[in-house]
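To keep things clear, I will list the structure first and then write my remarks on it.
Chain lettering (A, B, C and D) follows the sequence in which the chains are written, and residue indices restart at 1 in each chain.
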Amino acid sequence: MLSKDQIAQRIAQELQNNWYVNLGIGIPTLVANHIPEGIDVEFQSENGILGMGPFPFEGEEDADLINAGKQTITALPGATYFDSATSFAMIRGKHVQLTVLGAMEVAQNGDIANWKIPGRMVKGMGGAMDLVASAENIIVAMMHTNKRGESKLLEKCSLPLTGVNCVTRIVTNMAVLEVKDNAFYLIERAPGVSVADIEAATAGTLVVDGDVPEMKL
Amino acid sequence: MLSKDQIAQRIAQELQNNWYVNLGIGIPTLVANHIPEGIDVEFQSENGILGMGPFPFEGEEDADLINAGKQTITALPGATYFDSATSFAMIRGKHVQLTVLGAMEVAQNGDIANWKIPGRMVKGMGGAMDLVASAENIIVAMMHTNKRGESKLLEKCSLPLTGVNCVTRIVTNMAVLEVKDNAFYLIERAPGVSVADIEAATAGTLVVDGDVPEMKL
Amino acid sequence: MALNKLVADAKIALEGVQNDMTFMVGGFGLCGIPENSISEMVNRGITGLTCISNNAGVDDFGLGLLLQGKQIKKMISSYVGENDEFERQMLSGELEVDLIPQGSLAERCRAGGAGIPAFYTPAGYGTEVAEGKEVRVFDGKPHILEAALHADFAFVKAWKGDTAGNLIYKATAKNFNPLMAMAGKITVAEVEILVPAGELDPNQIHTPGVFVQRIFQGTDYQKRIERVTTRSKS
Amino acid sequence: MALNKLVADAKIALEGVQNDMTFMVGGFGLCGIPENSISEMVNRGITGLTCISNNAGVDDFGLGLLLQGKQIKKMISSYVGENDEFERQMLSGELEVDLIPQGSLAERCRAGGAGIPAFYTPAGYGTEVAEGKEVRVFDGKPHILEAALHADFAFVKAWKGDTAGNLIYKATAKNFNPLMAMAGKITVAEVEILVPAGELDPNQIHTPGVFVQRIFQGTDYQKRIERVTTRSKS
């Protein structure tokens, strides 16, 4: 099984040169620590920065400079700040090439749910609905199962949706999957995880086509 | 009869303190030369400046600093520059209190035509359609009659419209008129111009209510 | 001459606020929030408010202070996040909450200020957010119709401002502030640094003064950080 | 690291332009027009173009040069103004012209860049502009539905830019440039002053580099003035 940081590391392999990338809160944020050699990407945070850099050194935090997760950050050379309407113009207008975000549930038709558990928990959708409605590449970063051991890869989402037919790829602690033709296609296994393990942990339709390679990290 | 500059001078009397004002091309531009003592206004030009100042001194023209009439201008202290979408956000969003513009024809229901003579002349509407559709105060500055001596104050416009039911006040070389209840209400006469003169030069319904005072310039 | 928007302090800047009004409040989390105006709202004890703000601060700061005092009747936001009192009041039904996608919220504020009554966006299609809203397909993709937002007062915070109401924001403290500044019937701006009109470069203004009715120099900024994250120098 | 958008010159920046494409061209009159890109379009002799631009320059400069060479099939503009050749070609029917209100033109470009397929505006209601367009009443007032504009290439001119494509405009030379920069499939920016990424203050960028695909330093700017108006010092 992969650690959260390893999930991020695997997702970082998907980055392509000259992409602008939006990283959601949680595991996605860790992707920035694993940019492959020779790949230039620029990170957008939807609260209003392009060119987001690493956390500041201790004592150099600036209350006016945070990311969408409200963490203190820094800006890299060439960065820009902008208002929220311009930020979502970038997102809605498809100027950002990749969105990585977490999820509570993903369905085999690409639906995603990550903002609300009726009656129990409401975080709000923040920018997630805008992101999933417009992004052309969406990678979901999440654990394969929830805290009760139940699969998060479902035939149909049970929770209120964040977006429909939008997720194209999922990287979990167990596997890399492609979402297409109303099914989860198994692309890679985490080291030491068997196809049978993944089948057991996947509630939706899982398609296993030939030998499934192990991830390389 | 008023000169063009006197029309502008009369219109300037309508300015109220703390108004933002958009002045169209031609006679309206001259209004800026006649701001009454004790009245603070700020001029917006829709190509992207608030706080427009007078023409530059000779030799100090800046090709990057023009008004919507493409004339070189200056910026006053406190001025700002902005893009065209923001400029029309100000106009459409009713943040500009007064619009002064020219017209080829005005109808007694407040319709205005000033951008096209089919088959013969097409200047384009520029920002005029946005201005008249949203401004709450619109003063038309124009000659009472056209070059052929025909009235420009009509029952109905004959030319393609710029906007409908929008003009509230007209200042011509002959008179000040209010547009309401589907008629032109005569408010003031130009010095030396009689009510009969104005009646003769007005094709639409003219309402003359009691004594009509002469303008004070 | 530039029009003068200067008022002495938050107290004067908030003259006219009343119970049951709709307010827009700038900021993202605790970043770029109008601290002085919020304090003054708390002081005045006005209630029944509808607040349009991306978040509602944290339990004991920002709009969280107004939530604690039960001054807010309804929140229009995109994120509840880390505010437990917000979540509690919402789940218990004490507080009306209209949750909308962040990008739609930003654009709806801008639209309100720009005289655009409604626009289409793909965000939220197929979700609860789309309930009761018109759906229309453009270029093969379904979109929903979102309406402009307006407010009786908009409270924004800038870094620098001048007496003409021109504003410059700093870094990501900009966020919703410029959009809400456009959409308030009365927009109140508080700034850390106030200068006379003419001192700011007209090329660098983020919010032209035409959108601002009142400006004052704020005091005692706490500028709290929600999540201090750092790396070590070694 | 900031992404690199720098190309050597107009010739390389315009690689891929073809006959019958749709272009956006920034500027208002002759103010803030991409002179180098226009020259290169003339040089390449491409034809059948649809040009979205507020004006079409004057007879012998700006887009007027492309009109003279009959390279433009259709203009989408708000103002013909002082360009006699534009007016002549339009009246004779040689040139297709779609005249739209200036504010709608600006907002339609922005919408194209912002992923908003359509919005409502009161501008043009009851006029020729509204013909064939949906009318809807909001708050008692009729509005028309206007669609987003897109372009294969957007050509913009800025004062300063960096290698990451971040742009700063000067004075009223800003006008349509930032909006068109958002809406081009490929946006080509030419600048008077080019600096390495990192030299511009990130608070002062007007167009973030994400909207710009290619940037180059322009040469031989004429920056003609349409109407020199001055006052005397005495």
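We take it that contacts are C-beta pairs under 8 Å (C-beta built on N, C-alpha and C of every residue); 3 or more make two chains touch, one makes a residue touch a chain.
None of these values were measured; they are calculated from a predicted model.
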item: Touching both subunit A and subunit D (chains); value: C
item: Of all other chains, the one whose Cα centre sits farthest from subunit C; value: B
item: Result of counting contacting C-beta pairs for B-D and B-C, higher pair; value: B-D
item: Subunit C-subunit D separation of Cα centroids, rounded to whole Å; value: 32
item: Distance from subunit C to subunit B - Cα centre to Cα centre, in angstrom; value: 36
item: Length of the line joining the C-alpha centres of subunit A and subunit C, rounded to whole Å; value: 28
item: Residue list for subunit A, restricted to those that touch at least two other chains; value: 49, 75, 81-82, 85, 88, 91-92, 134
item: Subunit D: positions in contact with at least two other chains; value: 107, 110, 114-116, 121-122, 169-171, 202-203
item: Those chain pairs that satisfy the touch definition; value: A-C, A-D, B-C, B-D, C-D
item: Contact set on subunit D toward subunit C in their complex; value: 107, 111, 114-122, 138-139, 143, 168-171, 202-204
item: Complex contact set, residues of subunit A against subunit C; value: 45-49, 54-73, 75, 81-85, 87-88, 91-92, 111, 115-116, 119-130, 133-134, 160-165
item: List of subunit A residues in touch with subunit D within their complex; value: 18, 20, 40-42, 44, 49-51, 75-82, 85-86, 88-96, 134
item: Of subunit D, residues touching subunit A in the complex; value: 1-4, 110, 112-116, 162-164, 166, 182, 197-198, 202-203, 205, 208-211
item: Residues of subunit D touching subunit B in the complex; value: 28-32, 54, 77-82, 87, 90-91, 97, 99-107, 109-110, 121-129, 159, 169-179, 206, 223-233
